[in-house]
Every structure is written in C-alpha cells, then in structure tokens.
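Both of the next two complexes hold subunit A, though its partner changes from subunit B to subunit C.
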Partner chain A sequence: MSQGVSQPDYTPVLELREAVPIFDEEGLSPLKYTLAVEPGDCVFIESRDDLQTAQFTNLCAGILPIGSGKVRCMGLEWQALDERRAHALRGRIGRISEDSGWIDLYGMHLNILWPRLHHSRSSYAKLVEEAVALALRFGLPGLPTQLPERLSALDRKRAEYVRAFMGRPSLLLLENPLSLAAPKELYNAFLSELTAARERGCAVVWIGAERSAWSGYAQPNMQKFRLGDNGLIEVRGV
Partner chain B sequence: MPTDEIINPAVNMRGRRWQIFQLVGPILGVLLVIGSIMLVTLHTYHTMREGAMSLSRDLLKSQQRYITGEVSRYLSPASGIALTASDLLKTDDIGRNAAAFMALGRSALGNMPQVDSFFLADDRGHFWMSARRGNAYEETTLCHEEGAPYYCHKITDRDGRFLSADSFSAEGYDPRQRLWYKGAVAREHESLDNRLYWTDPYPYLSTHQFIVTASMVFRSPSGHRIVFAISISLNQLTRFVNSLKVGKSGQAVIVDVDGHVIAGHNMTPIGLPGFDASNVHLDPVTQPVFLRALNVFKVRGDGTGVVHARGQNYVTIASAMPIAKRSWVLLLNAPEDDFASFTRVVKRQTVYFSFLIVGLASILALALVYQGRRVEKYQTRLRDEEDKKRQDSAVLLKITNMPGLLDSQQEVPYLCEALVGQASAKRASIWRLLPDGTRLICEDMFNRDQGTHGSGMELTKSAHPGLFACLNDGHYVDIPDASWDSRFESVQRVFMQMIGARRLFVLPVFEEHHPVGLIMLEDSVQLRGVERVIALIASVVAVRLGQAQKAESEEAVPQHLTTPFGGGQSKAPMKVVEGFLVQSHEENKTDLPAVGLYPEVPIMVLEFSEAYSSNRETAKTMLALMSEMSEKIQDISQRTRLFSVQVAGNRFIFLGSCVQSSETDGVLHLADAAILIREACLTVISRMSTRLMFRMGVDVGAILVAHLGKNHNVFNLWGEGLRMAETLAHNAPDGGQIQVSERAYLEMRRHFLFRPRGDFYLPGSGITRSYILAGRR
Partner chain C sequence: MNLPERFTLIHRGLAVLGRFTRAQPRFFLLMVGGGWGVFCEAVRPSSWRRTVRIEFWRSLRQLIGGGFVSTVVVAFITGLGLVSQAVYWLGFAGLAQKTGGILSSVLLREIAPVLVGVILLGRSGMLMLADMGNLTTQGRLNTLNGMGIDPFLVFVVPRSIAMTLSAFTLGILFSVIALTMGYVACWVEGIVTVSVWSFIFEVINSMQPGDYIGIPLKFFMSGFAVGLCCCLSGLDVTAEDNLTTMLPRGFSRGMMSILAINVLVDIILGSV
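Then we have the complex of A and B:
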C-alpha cells in the first residue's frame, strides 16, 4: 500500500519505522528495524545476545540514538522531544532490565518508589500504598526496606516486578522477565498482572532468550520476532 | 496514562508558552499603553494645575498689590497731612495756628471724602477740631466761659465765610486725656516715619462712621507739645473692599491680627443702628478660609497658600498693610476652580480622550491577537501545504518513474493508490470508455480500507445515463451525496453502495477532444490542493486509455464471432429440464444429455448476496426484485440459447452447452448471457435503494450429469466445474462482476475484454489465475 493511504484510527504505543541505530562496534546491527505495538498488544522477541537485548530496549525507550528512520512512543517521536519531555515520556514506561539498576546505598522501598516520586505528583503515602499492594500480589510480605543486596535474588525479581508495574505504565519493556526457575506462583502472578495491564491498554515488548518462557502465554495472533545480527525478523507459526 | 504526571510529555510547553505570549503580549501592551496614558494624563493634569495655581497666585498678588495701593492711598492723607501740619502749625502763635488749622481742615475735608475730621491740641489744654456739618464745615474750639469749658462751633462755608455759631458744654473734656493724644505723645521720640500713631477703629456715634484716627506730636518753638490728629472714615474703605472682584467669586477682607474685621463683607451693615463695628470678627463658620489664612499668616507671615474648606480648595494670600497700621492684614481668597477650572475640563477631556485611545488600543490589541492567530493558522496551513507539496512531488516523482507508465498493456495500480492517498478517498477508480461509447469498464479501482485492487466492473449508458452525460460534458463533478442526485443516483446504488460511499467526484478524461474514460473518487475528504496530482494522473490515464481504445479499434475481430449468440449456428436447441428455471418442451424431454462425465462444460454460477431480510416489507420488496430479475434472466437465457438454467437457493447455475466434445459456441453464449444478465440485473437494482447485489463466476470444467428420480427424468449436475464456478462467483471482488477462470478465459479472450484478477490457490487444482470479464470487444 502506498504511503499515506491509510490513516490508522489509533496510534501505536511503540512504533519503530525503519529505525537504524548508530552502530558502536558491537551490539545492535545497523539495520532497519520496523515494529508497531498497539495498545494491549504483546510482542515477543527472542534474543540470545544480552547486549543486543539491552540496546534494543534502549532503542525503544529513546535512549539509543538512531541515524535514520523514526522511533515513536505513544505518538511522540523521541528525536523531536526535548530532554525534559523525553524524561517525562520515559516515566510512562515500565522496564525490567538485565542489570536491574538497584542502588545499594538506599533501601529497596526507595529504589522502587524513586521513578514514581520523580515523575508524579502522587503523595508518598499513596505511592507506598500502591507499592505495597503490588508487592503483596507478587508474593512479598510488604514493601521491602532492606538494602537490595540483602534481599534474595527471587525477592529482588519480585521487587523488579513491583517497580515495573508501578504507576500503571503505558508501555512495558521487559528483558528476560521470567526465569524458568521461578516458582509457579510468581509466574502466575506476573502473567496475571501483565494481562491486567494489557487490558488497560498497556503495550508489552517481551524480550527473552528462550521462547519457552512465554510459550504458556503466547497466542497465535501475537507478533513474534527474532532479534539477531540480521536485524528484527518476524517469526510465523511458532 | 497516569494523570498525576508532573510533566505531560504530549504537551509542548514551548509552543504553549508562545501561544500564551501571543495572547497575553498584546493585552500587556494595551495595559502598558493605558498605564502610560494615565501617567501622562496625571502628569499633565498636575503640571497644568500647578501652572494654573501659580498663575492664580500671581493674579492674587497683583490684586493684593492693587488693594494695598488703594488702601494706602485711602489712608495716605493721614501721614501726608500730619507731616504738613507739623510744619505748618508749630508756631507759638495759637491764634495763627488755629486759623491755619481750620483752613487746612476745610481744604482737606473738601477734597478728601474719606477724611472725617481733624483735631489739634496742645499740652496746655487747647483744642480745635474741624469737621463736616452737612454741606458746611464746623470749626470747633474748646473755650472757657466763666470757668466752664464749652465747645464753640463756628459754621463756615468752604472758603471760611461765617455762616453760624453755637456752643455746647464740654464739661469734663480734656483733649490731653484722649487716646490719640496720648498715643502720639508716646511716640514723640520715634523717627519721623514711625511717629504717626493709629488708634484702633472705633465707631463715631454722631456721624455713624467707623473711623480710625492718626495723630502726630510736634513741639512749638517755645517747647509746647502740639498734637495733630486726623480721623479717616473706614466706611468707604469697606465699600471699596466689597467692590473688589477676586477671580470669579473671591473675596477680600482687611483684618487686624486678632481677627477684628477692619473692612470687608462683615462690615456691610456699617452705619446701621445697633451695629457695633468695633466688635466684628471673622466668623469661623462662614469664613473658615479667611480664618485659616490669617492663622497661617500669623505663623508664616506674608504669602500665598491653599486652604481646603467646604469641599474645595481655595487659593489664599495674606499680607501686612505696611502703609496703614502695621497690625492690619489684607486677606484674599478665591476658589481654586475660578482659576483652575479649565484644568478640570482639560482633565476630563483628557480622560475621555484616554478612554478613546484605550478603546482603540484594545481594538488594535484584539486585532493583533486575531491577526496573530491568523498568522499562526496560515503558517500551519503553509507548512501543511509545503508538506502536501513535498508529498505531491514524491507522488508525482513516483508516478513519472513508473516503468511503462504510458503503456496501456502494462498495469499501473499505483495510479489509483496515489489518488486515494492524495485525496484521502475511500476508493478511487479509473474507467475506460469502450469504443461503442455505451459502456464504461473499470480498469482499476483501489479500496483504501481493504487495501485491495479491483477491476472489470461495467457501467452502461442505458443504466447510468447521467454518468455518461457528465462524461460527454467534460467537466468534473463533485457531489456531496450522490444518492440525492438524479444523475448519479444509479451509480451510487450500484457501485458506491458496496462501500457505503456518498460523496462522488467524477473527472472525465479526454484524449484528443474525445472522451476516453473517467476517474472516480468516492468519499474523498481532501480535494483541495491535489489538483496537480489528479491532473497529472488524468493526463497519464488519457494517454493510456487512448492507446487502449486505439488498439481495440485496430484489432480485427472475425464477423462471425461478433454476432451475438452465434445466430443460427448453434448446433443444438436449448435443453430445458423439469425443475429448471427454463421450462423444457415436452418433445425434447427425451433429448436430455446422457448421464456421465462431461470434461469440458461451460458453466456459470450467479450468486445473490444480501438477498435475505427478516423484515417483512423488505422481504416483500426483495421478492419482487428477485422475481423481476429472474424473469429477465430467463428471457436472456433463452435469447442466448443457453443449455440450461438451474435455480438452487440464492444461486443460478447456467450451462452454456453439455456435450462430450469441446466446442466454443457454448462458452461464448454463456459469456454473452453473463454480460446481458449483469446489465439487466444492475438496471433493476439501480432503480431501488437496496443492498442486494450479485456476483458471477464462469468456468469450463468437468461435471457429472445424472438423471435422478424414479422416472430418471430429473436432470442434475455437479462436479469440479460447478465448484470452480461457485468459488469464482463467491470470491468476485466487487458486486456485479463476472469472474472467469483461466480455462474459460482462454476460450473467450478473442471475443471479450478481460482484466486479470490475480493468482489464487484452489485446493486440488493448485495455483490458478482468474480474470474479470469486462465486455464484448
């Protein structure tokens, strides 16, 4: 179909249109990446390379610069936004990343609340209330106040979920959100929270090394891709 | 989306700030103008007021000098005559002195109306007085007769001639005890300038005059004190002061420092019986301005001032009377308005003028805001138009770079896509006028919502006369709602109804002044600004369609093939069977084709869609419509000598022939019938507003023929050919189209016009290709 023929009635939450990232010796290949994730959509991307995974999510979050093409988030083009608005837009994105980014100088509760404290006008008490509710849903006894390093790996993962789902994000960028060793209850809690978020209109980009991680959740009509040196390739019938 | 965000990234604050500035800036400008005007007005008012006040003070000073001069002149006889008398009367000869005194008195009294009387006394008790009595003069001498003092009066005329004489007792009178005598004696040692003594004003009861007496002492050569006194009436001074005009409504008054009024309005009743002129003071109730001015004078001395009383400002001036009594003060006042009223008028006018300017400035500001908004709007429009032009240029570049753009044999589907994209239309289609001039065949159409191309549909002149009239007219037509336009009503029902379109844009395409086709845009949102693209596409289409028309006309078609229905060449009569739409003839009942497999049978399926309604009225209309169409189908089938027409539900199954060997005539009959049926059905449908539509599929394929029933007289068929025809009918891209299989196409292509539909996969047959039957060559 020619350009400008069809005008979609809704805006994709995340749209990569022939975006070519600036190549820095390693990581994401300087190819054209095209992807459109509409509200409520869940896109699965299989990626074995952690660096490529991280760079791709950074590309989606407008952190990785691009040489050509466009990356739009909620209808706004990252390149066209000034720093202040770009930061604010990132406040609408929930992320789970490989390095987690915990700061061990402060308690976990502050690590969880900081993004929302920075971006929203909600009171501290209200944020704590929301965080506690999420923490309970993910199997924590409450909002953890210990230093992140004092928590078990599983509890840190739970805390990561809490942070990602705080503030009802419009887009979730999830890097390997599930490990196969996680207890089934956590797996179910994560998926039910993910489904609830999607029903609210949240778009989800789930990047994982193993497709088996989402095999129990993926539906045939969901978009699936493989991220590698040859770019983002759509996978059908998997 | 969170609603508690501190920063909404969707809002560009820079743009918002600029918008706010555009709105607030002019308003601030106006406020600034208003403020400036107010300040300038205020400053001007104060400057003018100060100027007016200064002017009024100068005026009052001038008035004050004038009054002072007048009062000095009024009182000047006192000092002048006293000095003269001091020189004239200081001899030791009393008689001579008295005569000179009397002569001086008559002269002064005759010439100076304000002078009331003269006194002369010495330290030995002598006393003389000169005063008026009626029109004559009374010369009084204090004389003693028999030891008793008497006033001896001698009445004379102006020249001193004796008129009469009389005397009165002066018992107890001693001039040396009089205030004027004592005061003068007290000042004996003062310098000549200050030697004159003034008494306080006092009423002189016999003459009803309010007088003041000035006296001076001097000594005779023998050393005796002689006191000369002169009384001056203040009545005339009061009249003089009252007659003064200070400004419009100002007043003047002479008072002493204790507030006793010497001359002025308070003294108007002077001379009236019972009026005590010596006890008149400034009234704090009626004369607060004078009183305050006097108080100020007491503190500051001479000068001007402004006193606020009775709700307005008064300009005052107070000055001592240097020539008269030094304790006398001249007070003047006048309302400020008398002098500065014009500044108030100017101020009011300035305020009105300011309001006018503010109003104009506000209008200008509003105009500026409005203009700013317009400029912004036009800037946005210009940007949009620039974007549009860039888009147009890209589209035009793409069109011009299309390989085989002007080759009618090569398809260029992008033309319709570009039309849809540029005009934001629901659907765009290019129609070619066939050489007979009575039919338009769709070369290509693009549906935006489905993203699909279609072709092959035919519009006839008989069914759509308005469209053809428009085509021949040559002007483009843009109709907001084609269903309400009698010319395009049928087009809307037959063609546009499929996608629910209403708005229709039709552009006839001409090649060498002959119509060769037209371009249709349905439900286009934006036609403005895309004229360039449409014109270019129309030009390209004109060349392409012109070429196609030329090729068609040059292509020779054998005469025997152009004759519809094969004339009398059909080898077999039409077979009709029980249960079929076309009734069989009794005599032909035995001619039913033999049962078995027929490998190449031309077969067509017509399928009606949207033919059912649960609404009784609609169903009734639908039945009538179907009935009419079935009659026409029946008639056409007989005319075109089809082998059979079978009705099965919402489908009609047509057999062109049913023979074991391959033959072309059956296929051609079937194709002719298909075209006629399509035209007839579209004509019927176009007369009514209905969603009923039909599609047709044609194939040449294998079927099984069977005779069923107890009597083996029920003819029936099924098989691969029927299935293929049904599939083609069901999947025809648009209503009213005839989709033809590749095999049927191969047999019909020399005689009919086709457009390739595309490849598709048919289970059991693999990938096959289909075509849209457009019309006869």
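Then we have the complex of A and C:
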C-alpha cells in the first residue's frame, strides 16, 4: 500500500556536528558547534559580533576550515567535496551578508542575476522574468540597471533580497537581513517571501544582532541560539 | 658573546636569508601556477559559463577598443621615425637589400611585441590591477566565493585570455601600420621607388620560418603574461596596500614579464 508514496525528506539541509573551526587569532572561538536545520526550519541566532557572524555563516557554507567534526549541507560533507562541487553546492544557498559584495563593474541587474547566470542553465529571459517579479514584490519598480553605487542603501537592500531569493535556494544564510528602520512594507514583503521559501522546503539560518528584528516572526517551537565567545548556546523562549 | 647567543644570532641571520630567498621567486611561482590554472580552466568547456563569457567579452571590448587608438598612434610614430630612418640609412650605407631583413628582425620581432605589451600594460593592465585590488581589499571576492562563484574562474581566466587575444590583434595592427607608415614616409621623400606591395613582400620574404611562430607567440605570450600578472598582482594585495603601492609593483612586474617573455622566446627559437 505504501509503495509509490513518497516519504518526506527529513535529512537536515544544514548540519554542524561538533564542528571545531580553526582559530585565527580572532573571530569564532575554537569550540564544538552543533546545529541541525531541517527543510522548512528557521533557526535564529543572536550574535553581536560582526566578525563572528560572518565567520559562522562561512562555516555553514563550507568556507571556513574546520579542525574536527563535520559540516554537512544537503547531506554532503563540505570537506569531502572537491572545489568545483563545493562551489556548485554553494550555488544552492541564498545569502545576505554584511558586505553585499556588489561588483561595481556591472549594473545592478547583472549583479542580481550573476549567481543564477553562473550556476544555472535557465534562459536569460526566464531569469530576468523571475528577478523582475521578485523586485516588484520587494518594492523596486523593476530590475535596476544602474551601477550599485548609484542606488540608495534601501534599494540596494531590496536588490540583495532579490538576489538571495532567486533560483529557489535550498538554504538561506541571512546575516542581519532586517533593520528595524526598514519600511514596514519591505519588512512584510521579506517575511512573506521567507515564509513562502520555507513552505517550499528551504531551511533558514537567520543571524542578527537584534532579537527584536525577528521577534514578530519567531514561533515558540523554532530553535534559537546565541553566538559568542562561549560558542553556540541554545536559548529557550523568544 | 657566549655560545647560545651566537646560535641565536646565526639562527636569526639564516631566518632573514631564508625569508628573502623565499620571497624572491614567490610571485614567479604564483605566475607559473596561475598560468597553468588558466590553461586548465580555459580548455574545459564547462568553465565557459555565462558569467565567464560576459566578463570575457567585456574585457575584450575594453582591451581592444581602449588600446586601439594608442596602438595606431604609436605605430604611426614608429613607422615615421624608425622605419623611414632605417630605410634611409640602409640605403645611404648601400645596404638597401637588407632593409626587409632588418625591419622584420628589429621591428616585427623585437619592438612590436614590447611596445604592444607596454601599451596594454599601461592602458588596460593597470586598470585591471586596480579593479582586482579593490575587489580584493573590499572583500567582494570573498562574498563571490560565498555564493559559489570562483573569482579565479570569473575574473582571472577571461581577462587573461582576452588580454592574450587583444595583444595578438593589436600587435598585427601595429606591425601593418608601422610598416605602411614607414613606406609612405620614404615614398614621400623619394627614398623608395618600389610599390607598397613590393616593400611588404620584401619584409615578409626576409622573415625566417621561425619568425612565423616566434612573432605571434611573442604577441600571445606577452599579452597572457601581462593579463595574468595584473590579475594576480590584484589578488595578491594585502589590507595595507593601496593604489600607490599596488600600481608601481604591478607595473614593474608587468614590464619584467614582457621583457622576460621576449628574451625567452628568442632563446627558445634561437633568434639570439
């Protein structure tokens, strides 16, 4: 009877199993980090140190080397992958980082499309269509073509959301994605897009300095942590 | 001074010597490794993704479009000065029959690759170096890496290949314009009476079989070395570097590369 019925996949999209990063004078402490994020899960991590935040997301993305333990993404262990496969796997991750990484040599439209142009074979027209739809949802009038430096900080943030959600990522690593000063429409658009992504099975790691940024979205059953010099410590309650 | 103090002194001296010795070939080894990496990536069809192709065409347009006027002007001046003087003095010395040989060996084989390399280095290579240096110091390349985009693949490979092709294109353009202008200058002065085709034929006829490989090879390799050198110099910057330290270092490395390639090809092909 049960033959042919697909079972839901509960393999964690992101799994850190006692992973100890190699300590480089500053940043993440060389302690054991353990975390499991299943499809559709949203994990909140409070971190007040920007360097630790950036290094933790790099640890999750297999960029920061580890001395012991394991870091798995979509069931694949970063350390066991060669460079090309690791880059391809990172193509399935949507990221928002402190340094947005805009390349000033290209217009914003190319900057937004860049990861999908690199990792996918979807036609340019199809990618533009997807980007325009997302841009409109985040309050941009369309896909901006100016150089990134010509856009306002708010529009650059909107463009960053578009880039992160492009291509239906399997994992979202979000470093301080929301500022409380952001317009309410943008806040709502971001949260509704985040919910839609989670419903598709995307796992989310939201790292922020301010707990209040996610307090309106967090549910009691969601995992919450605090990242600091003592490592990653689970926090009970909102 | 007691024995342990002497050992400490010797130890420090050896450490300084070792650091100095290792630092000298470091960039050369970086170039060798980078060159091999570009070759391996360039021959793999899956490397030529849309992002790489976009960067390749953008660089090629910038390199050839940006270097075109400079190349034409320098070729014009070289033709008027060097070629007409060579033709005049060789005729004066009764060595007019050697004109083709001397022009092919001096202008085409030695001067053109160096001048085109210098034009590319100054006009576009420095821009490339500043771009790469800024992207590195601002941490943009790390962000790209975090999105699964290899900066070496999307910047170094297409830029080095574009520089290689543009050096060849501009080199051929330079040679043709310099020879033509030299002929025109001599014809106006009444120094040569043969047609332009006979003049060009004489130059081509005096080329050795090795020149047909050596001259294009010099153009290709000079361009490749300049492109790779500028990209790697940009990637190799530290947080303390800025434009005032990056550019002179990149320029001297680029010049060294151009001259080394010229000498190396001459030695390999037995032209010296």
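Annotations for the structure displayed:
Just so we're on the same page, the second predicted complex is superposed on the first by the 229 of 238 C-alpha atoms of A that agree within 3 Å, B and C clash if a C-alpha of one lies under 4 Å from a C-alpha of the other, contacts with A are read in each partner's own complex, and residues count from 1 in each chain.
By definition in this document, a residue touches a chain if its C-beta (ideal position, glycine included) is under 8 Å from a C-beta of that chain, and two chains touch if they have at least 3 such contacts.
Here the structure is a predicted model, which is why all the values come from computation and not from measurement.
In the superposed pair of complexes, A:Gly167 makes contact with subunit B only, with no contact to subunit C.
In the superposed model, A:Arg150 makes contact with neither subunit B nor subunit C.
Residue contacts after overlaying the shared chain place A:Arg48 against neither subunit B nor subunit C. By the touch criterion defined above, A:His119 reaches both subunit B and subunit C. When the two structures are aligned on the shared chain, A:Leu76 is found in touch with subunit B, with no touch to subunit C. Once chain A of one complex is fitted onto chain A of the other, the partner contacts of A:Ala88 extend to both subunit B and subunit C.
Residue overlap on subunit A between its contacts with subunit B in one complex and with subunit C in the other: 86-89, 91-92, 119.
Within the complex formed with subunit B, the residues of subunit A that make contact are 1-7, 74-76, 81-82, 84-89, 91-92, 119-122, 167-168, 170.
For subunit C in complex with subunit A, the touching residues are 49-51, 54, 58, 131, 135, 138-140, 142-150, 154. Across the complex, subunit A meets subunit C through its residues 57-58, 61, 63, 83, 86-93, 95, 97, 99-103, 105, 110, 114-115, 117-119, 124. Put simply, subunit B touches subunit A in their complex at residues 1-2, 4-10, 12, 14, 391, 394-395, 414, 417-418, 420-422, 424, 448-449, 451.
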